[in-house]
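Worksheet: the structure to be examined is printed underneath.
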């Protein structure tokens, strides 16, 4: 009997392969799903069941593809917001046996109406659940968000409270396996640790340990969560079921500088190199989204219909980016340029660099307030509300492209965030939109606080 | 915060890399320990602590080597049976902090006097232990063996009972991480499942769920466990500390048939191909121990001082064998022949094959009892005691080389075990020792029972 | 500028990735063609050209798939025996430039009418060809077979002679890159060495060094080559162009013994374990074709329309087999059983073993000629014609299934070949067809000769 | 029979594994030599011979280690400049047989007195050499440098000419396998292509095709080659023979920012991230040498006795750097920091960035010549002699640390090279040495020429 956790970095999505003897089930498969087949084979198993704990809004489900490849049936909870075309409905008390392993369905709505949890039993031992797959109901250190039905906010928060009590009734001894880990947009307060039990969460999880239903609901209602625009696409794809082939990931070719230059005229340039690479030198007009930030920000800043051209340092970086994009349904990548900037500049092609300024310099500017200078903080409202640099303007990075009308393109703008990474993305957007005096506060709010400087709220 | 489990197949030894932020600790490192360094680096950590939950008797500890390679200190429990030359002593209540992770020492003797467990806490959350490394005190489905101090059998069984109660006091919510999984010689009744919690074991583990100390002791006293002779070597090496280089694993060359033939004259030939390969054809005089059985039987059948020559199907099989041997301190491998038997036979060199007989044939012989025929069951006493084929002789495989005096080399011997695998090893020993009429009961006791035939006890 | 040789083991098919700066061409791509894309990317190139030196009869071309994946055009020589639906025609003197590299087409018919060679020039250096891709015209140590147009045998042998002279006119300095290496059915006398030059072959290749056109033709006419029945399928597929997805390779699941047993009733069982494994024990009714012999014998012994079930030792062996089968268009694999025979027998399921006899035993039988005993040599006519064991019957393995009518199923048959490998395949066919007294002469003709025994011709 | 080329990137060092049947030889092994053993095993061979074509001055030979690991003897040419402690001497006409392969020694001095070439014959075919390992005598597109004996310059150039004629006498058909490819400091004019033959070089190699001995000598005497100071260490190590373990490569740990900061106080900081990363932001005081430039510039800019601390983007980059350093004998690496600069800056630690200026900006400055501004070209004399930006000062990068006395630390310096990569290294040296107004001409001479601007010589 085995449980393998498969983590998709960036999205912090967790899926599972669970099995015994010659059968295996996959829980919440991601789109690039060949690895489940390989892993199942390695365990001497064939995949016979696929479960979705809920309809994912932050990534493309691989359930339909995996089902087509393996012949395994897909099971989805009741009350999905539309017909999940590729799945059978499973509901409270349904029972599935694989070898000596037993999976039992618990309906645990709240995050979504169709949310289920799957309790895992070992038939060779006693009656207690040994583990439970909690989907987006219960995380390590946090609980699921309940903001997807604004009209029913109180109702669904209460449903989640009730679902948590149902889970705790399985006993303290059950290990939990949620659908997301720290870093996911599905919960802000998850532990960095990815292992826990119902007992540990009942005692130590700030939300799940609440015993009063009304307090719980009140706290949930006060939360704010992001809903990047690509969520709409995911919801649509995850009703329809996506079956396109993973090998499309292989297609985008390496482009010469000439081919790249030509492609730039038509397509969106996405520079996925690191922050300092972009600061040091970049091709004019490129949008900076470092590879490891693609899962979090591509869905805000890019339209899935746009065709993309990548700038990357090397193939590994490009390939990881393609994988990230594939997982969230962005399949239109025309090609990638891997030429380093010295080579690019040596061909007498234009490049830009972006000055990075440090906390000392920014503190001086804040004090002197030079005319025509704006310090633009692109963090989320929630972060800003916990303190910001005195006088800083604020516009959330995800919505920045639409929020620049009020700014004068001739002024000097210093971008900032928590560390300087999102600030660099923001600076690339400003340059794209015609601002010419832009620099980046590297270190940003964290350096500001670390230096003991005053903040305002 | 992360916990990575590293499993050594065959030995079913489990070691762990646990860490947070930039520091990591290794618990019970195996001898080929480069992987801990690689994994720690991948997590952005350096290894700062090495713990041994007890002195291992079934494998060579990598603690001394890993300490030499990383500069990390080794910590070992008190009351080790001799001075662990490479380790500092740690005892009840000692506390180690790595990032936001805290490790606390619990003395949990019984299996050995120096056994400790290590409770794991997440300083960012509440006061409950989130996991505990239980060494050989508590396994998934079983508890540690207590047969290493025959003079103090009752005392140490009682000590283990007390240690278990101390562990359970940490709470049902703690995940357990033992030093062995199913298949280890350190416990016969472990679950195939490798994950559990204190709560699950408290409720469902047949031994650990016992509430009466005297019953527990009585049950432990009735157990029988094997002690292969190589345990003595391990105990010695694990006091001294081994620091030899893993790259010695690379040395044994591929041998031509000529070179192999010459080597055979001097050294022991170990045929690590599968059971059916050996039955089909093998070089005369070879000892059959299939690669995946090397961890379990090399320590019984081979002397660590002997120099070995391997026969394998391919490099992967040979390499796995070298790794198994290295982990238990058998470093003297002269070379390996990878020539398949048709090529060997084509050079007009001698080969042998071993007939496999099935349950129908054996049942007929048992009924007719042809003269000069012996059915030799090489299973352990414990297995045999649960039922055997009527009239079968018994000699445990591990002790077979010394137990053949009473047998007449001219008689016909059919070897059997549970499935036929150990029976094939036994047959190879009989052939080595001059028996010429040998065949193997493929299917063995399991096929016998499956066919509904009578057994005797 | 780079040339990468990609070898497909078993078929001994050689394909090439050649490129400079940011462009690459593939020559004679195989069906599992993702690796060309990966390798081109690693060189910083995109694939812009695909060449076929001739229409392959022994494997499925990947040109159509690769073209669909990359957008690169496919170029094929003139006079193909039908329209190559996915290719443009290229002819003598056509020139293709990739960076500083130049490819020039030479028509070199003889093996087939559409055969071309591709001379490679480095524009940065002098006018000599630095290498030439010779397709099936010139091999290392041999030349292409000319038996595909029996009606025009003399004509095409002469055409090949002329093509060779055209090649040699490029100069001794040119490195040759043929489409096959030693072990291919496309030439019996290739060197084991896979590197050579026009100069070396002109001087040392027994066929290519012939200066007299008539002698050359005469020698070619005397040659005999095999044409396994699957060649027809290849020819058809390679006109149409195959575009099916490689990921189908992933589909066949691991089967439990129950599922395997059920599948056996409907489908053909292919046991791809090694020879000694099959001898030792196998499931009744299985056809033995060891994994590394699949490329050579699947096309003789299996119908591409049959659905297959594999028996393998492990996943690696199964996966290699699936790859071999895929490369020659055998895509219908239902599943694979990886259970070792002791486990199979332990379930009281039936197994068989096959006795292997050695040269001493066979020599005694040949001398005594026991009644009802036949020694069946399954080598090719050409091998048999160079000497066989006195009195042995002969039937070529590839045609054995159809050639057994004249044999009495009650007699004892000992199969032999050169070493015993093909003899084991043959024995499995005899068992399938109802012969019950079968054994295998392990060592076979090579051991016979090595022992200095008499042969007859 | 096989020849495998093993390329060490950066050094462009080529070593070879050549073998037949069960034996293999290694030619010019590099220091990290485990891969030869692995590759030999994969071919079913053991390594029985090790050859050195000459004493390497640009890398640490692995011959002594490989000999210790395999038991194979090392063979080195006569007249080595001192006793090669770990090798036997081999001389003209010596013959070595491995299977059907024959290696014959040709003394081919000139590059060094001990230089030998090794002709390769296939005993199964005719008398022509099929290939020749030419060491540093003959490269693809160039010949060996002859500047190591300044007192005997004419003599050794003539010796090389004679050696080339000896090689050509083997015939046009022989494939050549030199000890270096393009990018090596051992020859400036090698082809990017890594395959050729004696015939091709005789016709097309600008140096080797010279037929007049005096012209050849004259041309050689006019050449200039670099001799980085670490060559002395290599020469010493390659007489003594190095046997230190490769696993030392594993030791340097990942450092936290705190540990890094502390290490900076004692050790040299080497920033191996890319050029744009360094420009964007770096830790103050770091020497910039991008990973792929380490083989070329570490030996100029670093003292092998210094202890190093690396700054890298990730583990892969750090690991490649460690490998480069190991290959040239720089083993003293204390640790590596992988923290990205936003994280570093967020801790309020100091960072610097370096402005990159483009060709337009530099052209304006050159025209205006602002006071106190110097354009510093750090290319080699040879490159500078072919044209430079009017008014630019020149100091070769490799000798820059010692050549800065004449510069005023208060002036503004713009560094340049061919593309901007070496210019960035130079800028990091200037910053280290107390210059505060430094920027980098990205694009440098190539962009200058591409823009059609005037040069002076």
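Note that the chains take the letters A, B, C and D in the order they are written out, and that residue 1 is the start of every chain.
Everything below uses one rule, namely that contacts are C-beta pairs under 8 Å (C-beta built on N, C-alpha and C of every residue); 3 or more make two chains touch, one makes a residue touch a chain.
Predicted model only: the values in this text are computed from it and were never measured.
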Checklist entry - Does B-D or A-B have the larger number of C-beta pairs in contact? => result A-B
Next on the checklist: Among the chains here, which has the CA centroid at the largest distance from chain A's centroid?
Outcome noted: C
Next on the checklist: How many angstrom lie between the centres of chain A and chain B, each centre taken as the mean Cα position?
Outcome noted: 43
Checklist outcome for this item: Per the C-alpha means, the centres of chain B and chain D lie apart by a whole-Å value of 48
Checklist entry - Where on chain A does chain B make contact in their complex? => result 1-3, 20, 122, 124-126, 128, 130-131, 141, 171-175, 191-200, 202-205
Checklist entry - Which residues, counting only chain D, touch chain A once they are in their complex? => result 273-282, 313, 316, 340-343, 345-348, 350-351, 353-356, 358-359, 418-421, 424, 442-444, 446-447, 450-451
Checklist entry - Which positions of chain A touch chain C when the two form their complex? => result 21-22, 34, 37-38, 40-42, 44-47, 69-70, 245-247, 250-251, 253-256, 259, 315, 335, 338
